[in-house]
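The next part holds the structures, each set out as structure tokens.
Across the two complexes that follow, subunit A remains constant while its partner is subunit B and subsequently subunit C.
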Partner chain A sequence: MIDVKVADWVGTVQVPDFAALTRYDAAFAWELRDTVVALADDSEVKVIVLRADGGDFAPDVPDASPPADRSATWRRVFAGAKGLYQSLAFCKKVVVTEVDGACRGAGSALVLCSDLTVAAETSSFGSPFMTTPEANFVLAALTMRLNRAKAWAVTGDVLDAVRAEEVGLVNQVVPGTALRAEVDALAARVTAMPLDGVTMSKMLLQAVLDAHGVGRDFDLATHYAARRRRAEETEAGPR
Partner chain B sequence: MTTDDGAVELVLDRERHHALIRIRREGQGNRLTRAMARQFVAHLDTVDADDDIKVAVVEGAGAHLSSGWDPREAWEQYVDAPGGAVKKHPSQRARLIALDDAWWGRNGLYNRLLHCRKVTITKAVGECYETGLYLTLCSDLVVAHENARFAVPRWRNVGVDGDLSLLVATVGLKRTKELMYAGTAWDARTALRYGLVDGVHADPDEEVGRLVEMCASIMRDGIVTEKYAVFASLAKMGVDHAFAAATVVGASLSNIHFQPDEYNFLADQRGHGTAAALERSRRHLE
Partner chain C sequence: MRVKRWGTPDSLAVANQQVLYDVDGAGVAYITLNRPEKHNALSVPMRERITELVAAADADDDVRVVVFRGNGKSFCSGNEINEEWGQRRPHERRRTLDVGYRYGADMAWGRLGFSQAISRSDKVTIAQLHGYCAAAAYFMIACKCDLVVAARDSRIGALEARFLGPAGAAASVHINRILGMKAARRTGFTAKPMSGTEAYDLGLVYRCVPAEELAPTTRRIAGEIAARPAGALDFLVARLRAAEGLMDTSVPAITGLLVSHFLQPAPEELDFWRTARQVGVGGALDADKARKGAADPRAGKEPGS
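And then the complex of A and B:
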């Protein structure tokens, strides 16, 4: 399901789409996490590209919800310090997300954790905060600015590609036919930096993210998940 | 000091309550040396101590604000620092002290400009690279010429060795990363859209003059009070922490190993001279 290719300092991770993360498919998430960690440790890799080849980066998953028991597996795979999202946000290599079509739920959480994002003109970005408690609001505030991040979280508005670029959520918007070539060109530009420079630059960035409380916000995922579960139970009424 | 060595001049106009700090090294794109950085800091001390001055304007003579620090000092600055010449290669402490003293520390250029008690206005013209970008980030107001361009080409050669907290706070996280990793240069309109500059003008002098006049009309207590409120916010934002991290990582990056196919600026500079190495290492910005 996860196809990995390494060439010219770029590790490309290709999947049909990332909706399995919104569905809390732990096997998929752990395999993706292991792939990212292996590429981060690979001395032949400076850039990791996350790519979906199924048309949509992360299509909507109706009624998606974190596991009811917020199990040890959920914490280990999704929410924990060694889970998928923190492995991406604090990755030692530069992570690029290539977004085509719908980007919803966990897809938007991936975009927030990645360093650079190139989007097709027809792509759109749903707020991850309604469905994905592991989504990091501090990253959203640092990326889009606080007022816009709050509006995205509260209204659940879907941002089209142009708006996503305007607010700083994506770096580039390109025609769909040029998406792959633009991502490859961007990744190639990043590889001009020395390997040691890439890793140390990421360490410098981690110090800034830590100071802003990004790690602490990841720690709160358990509480956000519990709150969401209680809200769902209240909505459903007494059994 | 010869013209090629460069100088930073200070012009005080107490009657109109403003100071002009001008970088003069036109033949070298106003690239700053450590001596020029020290002069700049001394001028900021003078401005801060002069109760008649309310506003300080920063500009470069000629076509550029500043196209960076002087790469001829890239190695020398470590050798000259305390403990730098003890062995063949400068010690780690010398590298840390050099970066702290000249740039990121309490009395370094960037920290000192950021904590100036008067209103600071930078006129961003032409190349605002490396040092030019940080003068922009550390000023209160930035007036850009239509031809202004902002970038840190050195990061592509060695990695990111500058503060990120101001950059993230000013333009946002993903745009910061674009500047960090993608070797991007932002033109004046992009810089305006991202919030890095406050205005873009065909004649920036006119706009700077208007701002100077406006700021000079504010009462002294008001200016200093607002500046101290800003300093409190900067502390809360962890800017000191980020400047210290920039010093630590910058010192480490002066010591990196290059892979066989990676570009080594210092080796290029040794082999082909500073001008050729600068041209080659910045070609991607054209």
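And then the complex of A and C:
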């Protein structure tokens, strides 16, 4: 299900789509996490590209809900310091997300955790904060600015690609036919950086993100998930 | 022992009429500033009333969204600065830091204050801006709300910075997070207001519309948010409030208070207060425009003197 290729300093992770994360597929998430960590540890890799080849980066999952219990698996795979999202946000290599089509739920959480994002003109971005309590709001506020992130969360607005670029959620919007080539070109530019320079910069960035509260927001994922479960109990399925 | 209620007898008596409250059938509460003859300038009792109304809205399960708006030409020109509310005792030339600290910590800047009542509300908060949204209305209401809907020709910003100093606008964490650091410093260090359009481009404003569309647009947005399932909305607001706490967006800008305090004897502020007392705040602002720049205390002195 997860196809990995390493060439010319770029580790490319290719899947049909990332909606399995919104469905809380722990096996998929852990395999993806292991793949990211392994690529980060690979001295022949400077850039990690997350790519979906099924048309949509992460289609909507209408009945998505976090696990009903506070399982050790959920903590380890999704919410913990060694889980998927923190492995990406604090990755020691540059992470690029390549977004085509719909990007919803956990897909947007991946975009927030990545360093660079290139999007197709037809792509669109939904807020991850209802479906994915592990999604990091501080990253959204730092990326888009505070009020835009708040509006994205409470209105349920879906941002088209142009607006996503305007607010800073994506770096570049390109025609869908050029998406893969543009991502490859961007990754190639990053590979021109010295390996230690990339790694040291990402280590420094970790301290900067933590100073702004990113790590503390991740630490509260259990609290957020509990609040969300309570919301579900208040009414059948908060959407 | 009862806590003193600050304010003049007049301002205390009319506060309930100067801040109106109503809840529509769609779960939206409206807090309407109603002092149009003063561009809705906030007296101390008005701020206290807003704090109490937000608490009432927070406790009301039927309320999902709180909208702040103003009657008349402007949303709000900021705090009423031409008001004796007990901040200075008769024998004192200026207010003491002790009283000034109460003003800052309890009403303006601090964790227990007026702006915290808005920024920590359990409900989604929306500011509906038209005309002037200046000074305290800018950084204590608009910048503390979750969403801002503005008329295109609004004038939004720290207009008070020219005589009270730019600390609040330039150094407040939440404004830097909303506008970005360069824009936050520009609003503080120049006191130049933003139009609604510019505030949209910078990220403060969620929707920017012609003035005639402002009220219906705000009502529609508030209604759409209020229509979301209550549990979901409660979760999202709690989620945002926790993250904002982590980001220290409610750090008390005590430095701003101190800067304001120590500026009191500065020539610009003394001139401003004197003029405001004689001809009103509007006249003092007009007089301020005619001033070419801040006085340099070294002017006219020989080097080394």
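Observations, loosely collected:
Please note the rule applied: the second predicted complex is superposed on the first by the 235 of 239 C-alpha atoms of A that agree within 3 Å, B and C clash if a C-alpha of one lies under 4 Å from a C-alpha of the other, contacts with A are read in each partner's own complex, and residues count from 1 in each chain.
As a convention for this text, a residue touches a chain if its C-beta (ideal position, glycine included) is under 8 Å from a C-beta of that chain, and two chains touch if they have at least 3 such contacts.
Nothing here was measured: the structure is a model prediction, and the numbers come from that model.
Contact with subunit B, but none with subunit C, is seen for A:S201 once the two complexes are overlaid on the shared chain. Once the two complexes are overlaid on the shared chain, A:V170 sits against subunit B while remaining clear of subunit C. With both structures placed on the common chain, the touch criterion links A:K5 to neither subunit B nor subunit C. Of the two partner chains placed by the overlay, only subunit C lies in contact with A:T234; subunit B stays clear of it.
Of the two partner chains placed by the overlay, subunit B and subunit C both lie in contact with A:R145. Of the two partner chains, subunit B is the only one touched by A:T117; subunit C is not. Once the two complexes are laid over each other on the shared chain, residue contacts for A:K82 go to neither subunit B nor subunit C. When the two complexes are overlaid on their common chain A, residue A:H212 makes contact with subunit B and with subunit C alike. Overlaid on A, the two complexes show subunit B and subunit C touching the same residues of subunit A, namely 144-145, 212. Within the complex formed with subunit A, the residues of subunit C that make contact are 124, 146-148, 174, 177-180, 202-206, 221, 224-225, 228-240, 242-244, 246-249.
Taken in their complex, subunit A has these residues touching subunit B: 94, 115-117, 139, 142-145, 168-171, 186, 189-190, 192-198, 200-201, 203-205, 207-208, 211-212.
Every residue of subunit B that touches subunit A in the complex is listed here, in rising order: 155-161, 164-165, 168, 171-175, 177-178, 180-183, 194, 238, 241-242, 245-246, 249, 252-253, 256-259, 262-263, 284.
Of all residues in subunit A, only 129-130, 133, 137-138, 141, 144-148, 150-151, 153-156, 167, 212-213, 216-217, 220, 223-224, 227-228, 230-235, 238-239 touch subunit C in the complex they form.
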